[in-house]
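Quick one: this structure, given as structure tokens, is what I'll be asking you about.
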Amino acid sequence: MSALAKFIIKERQSKSILLMTHVIYGYPTIETSLEMMRIILQKDVSILEVQFPFSDPVADGPIITNGCHKALENKPNLDQCIKDISDLADEFPNSKVLLMSYLNPLLQYGFDALAKAMSPAIAGVIVPDLPIDQSKMVAPLVAANIDPIWLIIPNMDPARMALVCEQAQGLLYCVSRKGVTGKSSSKSNASGQSLETYLAGIRALTTVPLALGFGISSAQQVSEIVGEADVAVVGSALLAAFQRAGIEGFSEKITELVSLG
Amino acid sequence: MSALAKFIIKERQSKSILLMTHVIYGYPTIETSLEMMRIILQKDVSILEVQFPFSDPVADGPIITNGCHKALENKPNLDQCIKDISDLADEFPNSKVLLMSYLNPLLQYGFDALAKAMSPAIAGVIVPDLPIDQSKMVAPLVAANIDPIWLIIPNMDPARMALVCEQAQGLLYCVSRKGVTGKSSSKSNASGQSLETYLAGIRALTTVPLALGFGISSAQQVSEIVGEADVAVVGSALLAAFQRAGIEGFSEKITELVSLG
Amino acid sequence: MSDQGYFGQYGGSFIPEILYSSQQQLLHHYRDAMADPKFITQIKHEMQHYSGRPTPLTFCGNLSAEIGGAQIYLKREDLNHSGAHKMNNVIGQGLLTKRMGKKRVIAETGAGQHGVATALLSARLGLECTIYMGAHDIARQYPNVFWMKQLGATVVPVTSGSQTLKDALDEALRDWTSSFEDTHYLIGTSCGCEPFPEMVAGFQSVIGEEVKDQSMAQFSAMPDKIYACVGGGSNACGIFLPFVGSDTELVGIEAGGRGDGIGQHAKRFNTDQAQFGISQGYATKFIQDDQGQLAPTHSISAGLDYVGVSPILADLSDRGLVRMSSALDEEVIVAFKKLMRSEGIIAALESSHAIAGGLKEAASLDPQQNIVINVSGRGDKDIFTIAKALDDQPFNDFLRNYLEESH
Amino acid sequence: MSDQGYFGQYGGSFIPEILYSSQQQLLHHYRDAMADPKFITQIKHEMQHYSGRPTPLTFCGNLSAEIGGAQIYLKREDLNHSGAHKMNNVIGQGLLTKRMGKKRVIAETGAGQHGVATALLSARLGLECTIYMGAHDIARQYPNVFWMKQLGATVVPVTSGSQTLKDALDEALRDWTSSFEDTHYLIGTSCGCEPFPEMVAGFQSVIGEEVKDQSMAQFSAMPDKIYACVGGGSNACGIFLPFVGSDTELVGIEAGGRGDGIGQHAKRFNTDQAQFGISQGYATKFIQDDQGQLAPTHSISAGLDYVGVSPILADLSDRGLVRMSSALDEEVIVAFKKLMRSEGIIAALESSHAIAGGLKEAASLDPQQNIVINVSGRGDKDIFTIAKALDDQPFNDFLRNYLEESH
């Protein structure tokens, strides 16, 4: 079992649900983004997801997309990003740090180089435009114990879901509905299938911990999925909080979110 | 032989060349145009050509075309025009008055009605868009001793020239070059054929007096054709004189032109 | 073939004597050319390889269903090179000009469609080209003027009279009287002296000939009715003539404009504002006043904004072989939109008169019947008129922006 | 047919998992449809009866003589309904959408040509239509936006990123991830995930198939060389594919823009500013920086202003089966004018890249050789760009006038 999985299972013994919160590297500036990560880690959020911005983030909604374009004006460098977040990971051993980005920036860096640069500090990668069928591309990461975190979606073809679960390691990212990041969600997904049924179907195929994502924006919503998912993913909502009320509001939002669990 | 022809031949006994001068009925106003005609007749010009304006004068150049459009703003009425110029004709029995217009205004008035209205005061008509082939249209005028004045042009097909000469009565209007009214001319026409040869060719086919037209603008030019044509036609040049120097200048121009002969 | 260029009491030749010989020469060359299979082949070749003929006959399923009457087919002259049927005539006369050994063509244009078509083919045939266009029309239709100039044509603004199509035609005739030796007057519609009405209608008849074959191939019958807009009459003659005397009813749609007031429309039929008259080289029904002065006209489509009409149509109408109707400016906009929304075809405003006329009547026909409407040209050219009619502000913003940037 | 959508190392499918099933569904329906003769007949029928195919192959006698080299022929995609080759693909995918029982299409557009073509066919097929267009492009190309809106399409301005074509494509993909159940993504060029590159290239191949027949009929041989402009690559694939591996040399012309500086051109070949990359659902050569961020591009023609290129062409180029070259903005304007003046054909600025490339090389060929240049679209749409490039003041006066009158 991967280090990330072990970590989550251990944490879950003391917490009813873990948080995974999202920051864009370089937004609004590289310094401020690092400060936001630090706040998250200081407040004991279990998993920090750092998005290295890409010019064409097709799986993201307007809030994160515009955040990425703003971040790109600060000319973020992937190598430096990995160094920066690796330092944070070392500084906060009680949390795990994941790198999220799109294929092309990673591809240009090269997956062998990426494996070398990320391990051992970074626990996993999320690449929304990397389909399971292309898993061989991330083999060098797997070899370096960096978990590729695959996505599960509602109404997924059973055979395909089995394929994903079979390759799953560390964490499975379960999307609660169709569409891009940042749209508000509800307890039942697009197809009206209940969350319970949805997640139960996945658990039947794997022991890997499950993260539930897309559209969670309040402690209220987090509490609603306690007992169902292992990890609650909060992305756009945090960015929105920052845009509404600055680093203060961002910090308060984290406090609100970690309040339970 | 028609009254008009007789008149010209008689006049020629005392004059080396006769003048035929042109006025647009209604330009710049109906009153002023009548005043211009009166001046012409008072100065003993042998033939007065009055153009009843038409909206689409395809055989006229810019000066006369624009003059006609200006005149139309005064809503000229053909019936009134004929009355007005008939009165002038009666008042000046030593000159002849001709009506010039395009087919459509005459057609709408009707050629029978036209014959009745014009005779006996008006000696002839000039209709630039009436081809010889359509001469039957003006039969009612011929019957009323109103001469249709046909055109002869340079390099005319001999058979066609014969046809025109055969039907000619009163006066033949010999065009000295191709194009529309108001372009300056020279003693030899477009094809370089000399005026002598040109007119001689016509005289060989008819005894009807010959008027030479298009582009004569000075006494000098008139004097150059003495002995060749019976009548010198002056059109646009007079209108130009009026536009340059008003009724004064117009009057002087007439004086200049009648100076010889 | 016409007798002396007469069609009943209409047509004929009423031109200044100075043009007689060049008209005779044209007549001779035209008859001679039409009797020469090589020339006919040459025309067919250019129509196919340059202009893209045959143009399709498009069945409009949605429109037919919405109207709930006859089956509606469109003859797609909008797909011709240059975007209108005008090219058919220009190809014919252009090749005739080369055959006559003349080096220059002159033409009148209203909307600018005939001017552009003439400038295009002149470039291809290496002919010098001068286009006469009313100053008013130039102001209304500058984009077409822009292309004519780009194509190397000289565009002469006509500032006399009403400064529109009829004055442009007068001015072209004036040019011709002094240039006929090396110049052909490439008239843009089925009007003017012999042999122009017959010649233009003849070159345009390819439209109707194609419709015959396509009707048999597509619905195994001749159309019950055919609709065409009528300006000078060339697209109407083109699609009508091959059907004259058959069971197909032929319906011409004129510009009803804003209404029946003098100067508010361009109707030469079904109004006593139009009478038999003679001008511009031929006899026909002209809109005129009691003094025989040609009257001002109006249409939302510059191409129908003409005071006379083809003598061929005037005669066919007298003989009851063609029925004349009209459509108002606003009916035209409605028809334009309807076709656009139902079938994704953007017709010229001229053509939209035919659409309006056809749709109005189609409803009362039965589904067994088939009607063909001639889409004489495409509507992209009308964007300025339509954006104004619909008061589309973003378009104006775009223009302001563009003007600022081009400083 | 491609293997897993791969063409050598290019192509493939790199889409968010959420799109997997709809992509599989599309793949299935596409293969199924292409195996159904009735569907093929339906496409051929619409291409002929709605869009006016076949488009002619026009011989350019003057141009060939002036250049003094090869015999020059033009494939006239400009005569398609909508004025560009885009309609070929739209007809194919539009009919497939109906066959899949979907009610809505979405599309990205740069110049607006694909958007207009999609809006036109959507009106005809009764499909709901949403077009994504970069805010910058909307400002540059409003006339096309005007027509899309008139046709009933919803035009969504994309304000993220460079606000041009690639961002419109991203936004269309985002729409698709939440609308795939009732919506087909009607992509406008031979790019994107499987089966789009193959499908679009396939529907466009009618161009090359016609060229084969027409070449034999008109000059009894296959062309020695074929030239096409390359934006996303659909018109190039369409005219090239039927000739791949034959003796005909295939030459693609990219947008050289203002020069080789970053952001000054849209070249994906013959420059190290473009590298193998994966984005927008597929792998190809993308213009990008050292961090793998897609780079800004420039072209005088909005239609070539794209950062990626068809994986099919990237592969054919690697295998030496297609040669890639480029033309600078100013060379394009010169070629545009030359064709217009010599043959009376107004080509789109995109197409004028191919003209520039073809004329440059034709001179050094011998008169026995025949080249075909693809005129992918007509140039009327470019009047604003061209009037600006030529600084035509009367055009600006016309616009000012128009703006005043519409108050």
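Lettered A, B, C and D in written order, each chain numbered from 1.
Please note the rule applied: a contact is a pair of C-beta atoms (placed from the backbone, for glycine too) under 8 Å apart; a residue touches a chain by one contact, two chains touch by 3 or more.
Please read these numbers as outputs of a predicted model, since none were measured by experiment.
**Q** Based on CA centres, what chain would you say lies at the far end from chain C?
**A** Most distant chain from chain C: A.
**Q** I'd like to verify one number: the distance from the centre of chain A to the centre of chain D, where each centre is the average of its C-alpha atoms, in whole angstrom.
**A** 38
**Q** CA centre of chain B versus CA centre of chain D: separation in Å?
**A** Centre separation, chain B to chain D: 67 Å.
**Q** Approximately how many whole Å separate the CA-defined centres of chain A and chain B?
**A** About 99 Å, centre to centre.
**Q** Going by the contact rule already set, what residues in chain C reach two or more other chains?
**A** none
**Q** Residue numbers in chain B touching 2 or more other chains?
**A** Where chain B is concerned, no single residue meets two or more other chains.
**Q** Considering only which chains touch which, label the overall pattern as line, ring, star, complete or other.
**A** line
**Q** How do the chains pair up in terms of touching? List each pair.
**A** Touching chain pairs, listed by label, come out as A-D, B-C, C-D.
**Q** In the complex of these two chains, what residues of chain C are touching chain D?
**A** 48-52, 55-59, 62, 76, 79, 81, 83, 119-124, 126, 139, 142-143, 145-147, 150-152, 218, 337, 340-346, 380-381, 383-384, 386-388, 390-392, 394-396, 398-403, 405-406
**Q** Can you list the chain B residues touching chain C in their complex?
**A** Listed in rising order, the residues are 54-59, 61-62, 65-66, 69, 72, 75-78, 102-109, 128-134, 150-153, 155-157, 160, 175, 178-180, 183.
**Q** Flag every residue of chain D that touches chain A in the complex, lowest number first.
**A** 12-18, 20-21, 24, 160-161, 166-167, 170, 173-174, 177-178, 180, 275, 277-281, 286, 288, 290-294
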